[in-house]
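Same chain, two partners: subunit A is paired with subunit B first, then with subunit C.
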Partner chain A sequence: MIVDWLIQAGLVALYLFLAVVIGLLFMGIARKVTARVQNRVGPPVYQNFLDVGKLLAKKTNIKHNWIFDFAPLFALAGVLLALAYLPMGGYKMLSGEGDLILLLYIMAIPALGFALGAGASANPNAGVGVMRALMLMLSYEMPFLLVLLALMIFYNTASLSTLLEKQMSFAWGIVALPISALAADLALQGMMMEKPFDIPIAPHEIASGPLVEFGGKYLGMLMLYSAGSIVLETTLFVDLFLGGGVVLNPAHYGIIAYVVNYLVWFVFIFIVWMIAVLINAVFPRFRIEQAFKFYWKWPTVIAILGLIQAYIMSVFMGVVP
Partner chain B sequence: MDALTLFGIFILLPLVGALLSYFGRKYAPIIALIFVAITGIFLYVWYGNFGSYTVDIGVKLNLTFDITTWFFMLMINTVIFSSLLFAVSADLKNAGGFSTLMLLGFTGANGVLLSRDFLSLYLFWELMSWSVYVLILRTSGEYARRYLLFGVLSAYFIIMGIGIIYYYTGSFLYEDALSGVIPYYAWAWILVFLILGFGVKMAIIPLHVWAPYAYSSEQPFVSFLSGGLSKLGTFGIYMSMYSIAGVGILDSFGTFRGVSLLGYPFALLGAITAFVGTILAIFQDDIRKLLAYSSIGQLGYVMVGLGLGTSLALGGALFHAFNHAFFKSLLFLGAGAVIYRTGKYKISEMGGLGYRMPFTFLFVLFAIFGLAGIPLTSGFISKWMLYEAAIEKKFVIIAPLMLIASVGAFLYSYRILYGIFLGGLKEEHKKVKEAPAPMLAAMFILMLPLLIFSIVPGWILGWINDVLTNTGLKPIDYTQFTYYSSIGGANMATFWIAFMVLFFVAVAIFIMKRARVVNQYDNYFAGEAPSSVALHAAHNYYKPLKDTWAPMLKYSVDRAYEKFSKFFVDGFYEIKKIYTGNPQDYAAYLGIAFLIFLIIGWWLL
Partner chain C sequence: MNENPLPSVIPDKEWKKIQRMLSKRSLWMIHFCTGCGAMEMPPVMTSRYDMERFGIIPMATPRQADLMLVTGYVATKTLKRIVRVYEQMQDPKYVIAFGSCPINGGIYWDSYNIIKRLDKYIPVDLYIAGCMPRPEAVMDAFLKLMKDIDEGKANGWMRYRKYYDQYKRNQMRIFKRWDE
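Then we have the complex of A and B:
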């Protein structure tokens, strides 16, 4: 009993650790790829590991007040918690213990903690940055929530693990609901704050916005947070539309299935991340009101079309996955 | 226990308290507090000791103390207790009058909750409504008039509903309404009138216009009005739809996926209210108005649950009403503490107060977690129940409106946090002290249920389940730590353990290195070194969003009402011009009238 429990806890820790490592690796790959697209050499792929190590080892750490500490604590804890609720490569850590709507709200914990810490400095850039981040959130959540709704009414479940099972037995989300998948990918670009939606952190306008006053271990932990959130957001897309990368049923193939599924999942999130990075590499930046108008116009229309498709298939045609 | 004891403890005792506290001078809130505490103790002792008592005094009246009454009394009792505790140190002018009126409102609320006949319901409703009117009058006659207009409208609606029932049954008792003599088309009128009448108290769009004004009065009172008394609207709608009429009558209007066609429009109205209230709250700079619109939006969620009428939806509605009672009262008290210390109520004029008032900040932060539905508070669970209730029935208009409104809630929540408590501390606020101890105690009391019921939702879901089964509805699906819908579920014990463990992981990484505290204004300014920069970016915070919404914000229900009233005022002004005061004109009118009558008479004959 206790041993089983310890093995479980160890596995969860391993998966969470790997997620953060993959996130840092992806950040490095993104820098390299962007540099090659823009005809530069770029830093080595492992650069972000060095950065985090340096920042966490710094002797001088500066804060303005105690509310400042909320940012790294809530951001890192929140993103790890959200990752724990997300099936990665078919491995269900806690996803049986809560559903998609719980996950949606857990994803708000790191963002809110980060916003609190950022606001605690007197730097107006931070306040403006958080305002932009929240507005961007209101923008991309509109299509994204419609997409989630389409999935939930089509597969008739709000539970992520059931969603994976139903995708495995029926059809992947991207096959069943391709229109919603398109809208979700558009929303994902804003969720990951890649160009043209890197408005909240716009380095040339507002000096990295919410990050402006953080340094040393604060910045290091926030880098771990953003590494985790890259994996979180790409995995969310893969879990929703690509069956979570589950190609072999663990019930039949045992441990091999977990390894193969993990590798497939890794390839899938890499592809989703690369799409975002390649768009990021060639686009300029929107203004925030342009981003808002864009999201509430085209992705929302696409998401509504996807919702109509899901509604017709589920309610009128009686398709039951 | 009999009817007289019940009446004595919950009605007469607060009335005596109201009388005594009027002469209490500055100790009046404390006297009122004692009386509220006594009724609270009886509420605790009498849990489970329920009963229904019919009294015949020419007409049959009924007082009932059951789990529904108990559940709502629990909210209202706690909220008024903390409001009065807050008022102890709030230095109100004429504190005696304030406490008296608060206790009168409390008496009215208790009466509304206890009565199971329309006559006493109406009398206590009016007692509550008028004491609220006078309490708003203490701040501004203009605000009070706006409230009065809608209060009277509400009373008219309710009395019309009651009138139709009495016309058919000849009895004021709730239970007699179901005796089968009322035809179903009359039920439609009765329910629409009653829902609209109680909906005024819940500030459902388009009946919300009074709320932003009324909620700008004194904070201890507003916290009671928004947290406590608005739940009487919830209670009224819940009783009239599911107890007086019942599911059978509701379903006789036809159903749409198991939801009554009479309930569905109100659920849609609730979702629209949630959306519009939230969007309007985002653009407010006055903290009181922001909280007022937020309150409108949150009660929209409750209305969605009441309209949908499945067990999950009703459980969510009752739970959300309960949560709203606590977090919104807490927010109003927090705003009151800040206003008490700074004398300002514009968000952009404050800033940085979180470092001077840390406890107020933490309490308000917790309330905001509840408001935004972060799973660390019970605010999440009630919202979850409402979402899943809409999603499991595949309602594709109600669900997205609710979901996007809750994203909007993050925006105005952060406006409160950043504008008031974070950001640069102003020079004039450097000497601001923490709020007095009674205020902090009041806020602490309100914070506790939000935390406790997030860890152990089974306790409150047990009460809600009792309320539902007592009304004759299906039970909800829950255990001590988990709750389920037909499409999902969540376990709060796992959530809390996982959160705690991962939080300690973060803390472990965090405390490896020590951090040094520097002056708050020692900021990065891209190489520029201004001698003193005190910028607080809170002015017109969501301007880009406001610009984008400008074409929509042109339309306003508030202004529509004003135009409507202006039309009549102008029209009557024109009519008034007939009275010129010149006898020759009057003679001419006579002649013209005579001619008209002559022509008409000639034509008729």
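Then we have the complex of A and C:
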């Protein structure tokens, strides 16, 4: 009983640790790829590990109030909790009925913690950044919720584990609902705050926005948080549309299935991340109202088309996965 | 007037070697662009002399930065801002002074509102001579600073803590008051 529980806790810790490590590695790869696109040499891919190590080793002498001290922990814990709800390579840590809807709420926690700390620092740049971040969230959530609705109608479930099973037995979301997948990828770009939509953390306009007062150990924690959130967001897309990387059924193949699925999942999130990075490398930045208009126009229209497609397929054509 | 503590190796704990090893490989930089030295920074950052290969990236705020570049002459009004930026940075922090103006005043040596030696007011870890230093010189300075950090010689932030009173005394001789 207690041994089972310990093994379970150890596995969850391992998965979360690996997620953060993969996130840091992805940030390093993104810097290298961006550098190569811009005809530079670029830092080594392990640069972000050095950065986090340096930041956590720095003396930190910033005093605002206890909410400010609490916020990086809040953000990191929130992102780890959200990661625990996402199946990574088909391994479910926490799950239950309707966890797709629950996940939407949990994913707001890290952003909220981030906003709390930025607001507590009482820096005007941070205030502007937080306001922009909330506005951006409002804009990309609209197409993203429509996409989730299409998935829920088509696969007739609000549970991520059931969704993965149905995708494995029937067809991946990107094959069944390609229009929704396109809208979700557009929303993902804003969710990850990559280049056309890096409005909240624009370093040249508002001095890196909500991060403006964070330094030293606080910034190290926030870097771990952003590493986790990269994995969180790419995994969300992979779980929704690419079957979570589940190619072998764990019921038949046992431990080998988990290892193979993990590797396939890694390749898939890498591809999703690379798409975002390559868009990031060549685009300038939108203003916030342009981003808002863009999201409520094109991705929303595409998502509505995807919703119509899902509805027609499941109700009129009787395609039931 | 000119009592400046000499740069020397201040003894440090043995395990701080790891910290120095990490911090030399990821120097985050804030460039305090006074004067013409700011013009030399874009070539250093962009694809010709890409400083990101050493892990040096420009940062937006002093809170996040480890390395401050003072890129040119320092007016008495600017000095206060430089000191404030320097004090907002988190330890360990390093300063590079650009060009001949922060060394001895340069062409402003007899100007009424330009300070002559930056080292009297905040500790400078490395000077780059020249008017202006070319990007090659800047890259060379970065490599030299990384070497110094590794050997424990770049300890301006420790000097600032140790001789805080003397630095403050020198600063107050210029400022008269802090709140203007």
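Keep in mind that, in the parts below, the second predicted complex is superposed on the first by the 317 of 321 C-alpha atoms of A that agree within 3 Å, B and C clash if a C-alpha of one lies under 4 Å from a C-alpha of the other, contacts with A are read in each partner's own complex, and residues count from 1 in each chain.
By definition in this document, a residue touches a chain if its C-beta (ideal position, glycine included) is under 8 Å from a C-beta of that chain, and two chains touch if they have at least 3 such contacts.
Please read all numbers here as calculations on a predicted model, not as lab measurements.
Contacts of A:I62 after superposition: both subunit B and subunit C are touched. By the document's definition of touching, neither partner reaches A:I275: not subunit B, not subunit C. The wider contact with subunit A, measured as residues touched, comes from B rather than the other of subunit B and subunit C.
Residue contacts after overlaying the shared chain place A:G42 against subunit C, while subunit B stays out of touching range. Of the two partner chains placed around the shared chain by superposition, subunit B and subunit C are both touched by A:V212. Contact with subunit B, but none with subunit C, is seen for A:M131 once the two complexes are overlaid on the shared chain.
In the superposition on chain A, A:P203 contacts subunit C only, with no contact to subunit B. By the touch criterion stated above, A:R31 is placed in contact with subunit C alone, subunit B being left untouched. Once chain A of one complex is fitted onto chain A of the other, the partner contacts of A:L112 are limited to subunit B, with no touch recorded for subunit C.
By the touch criterion stated above, A:G53 is placed in contact with subunit C alone, subunit B being left untouched. In the superposition on chain A, the residues of subunit A contacting both subunit B and subunit C are 57-62, 207, 212-213, 216. On subunit A, the positions that touch subunit C within their shared complex are 31, 35, 38-43, 47, 50-51, 53-54, 57-62, 203-204, 207-208, 211-216, 219. Residues of subunit C touching subunit A in their complex: 18-19, 22-23, 25-26, 28, 46-47, 50, 52-55, 59-66, 89-92. If you check the complex, the residues on subunit B that touch subunit A are 352, 354-355, 358, 361, 365, 369, 372-376, 380, 384, 387-388, 391, 394, 396, 399-400, 403-404, 407-408, 410-411, 414, 417-418, 422-425, 485, 487-491, 494-495, 498-499, 502-503, 505-507, 509-510, 512-526, 534-538, 541-542, 544-545, 547-548.
The touching residues of subunit A, counted against subunit B in their complex, run 56-67, 69, 72-74, 76-77, 80-81, 84, 94, 97-102, 105-106, 108-109, 112, 115-116, 119-125, 127-128, 130-132, 134-135, 137-138, 141-142, 145-146, 149, 152-153, 156-159, 162, 207, 212-213, 216-218, 221, 224, 287-289, 292-293, 307, 311, 314-315.
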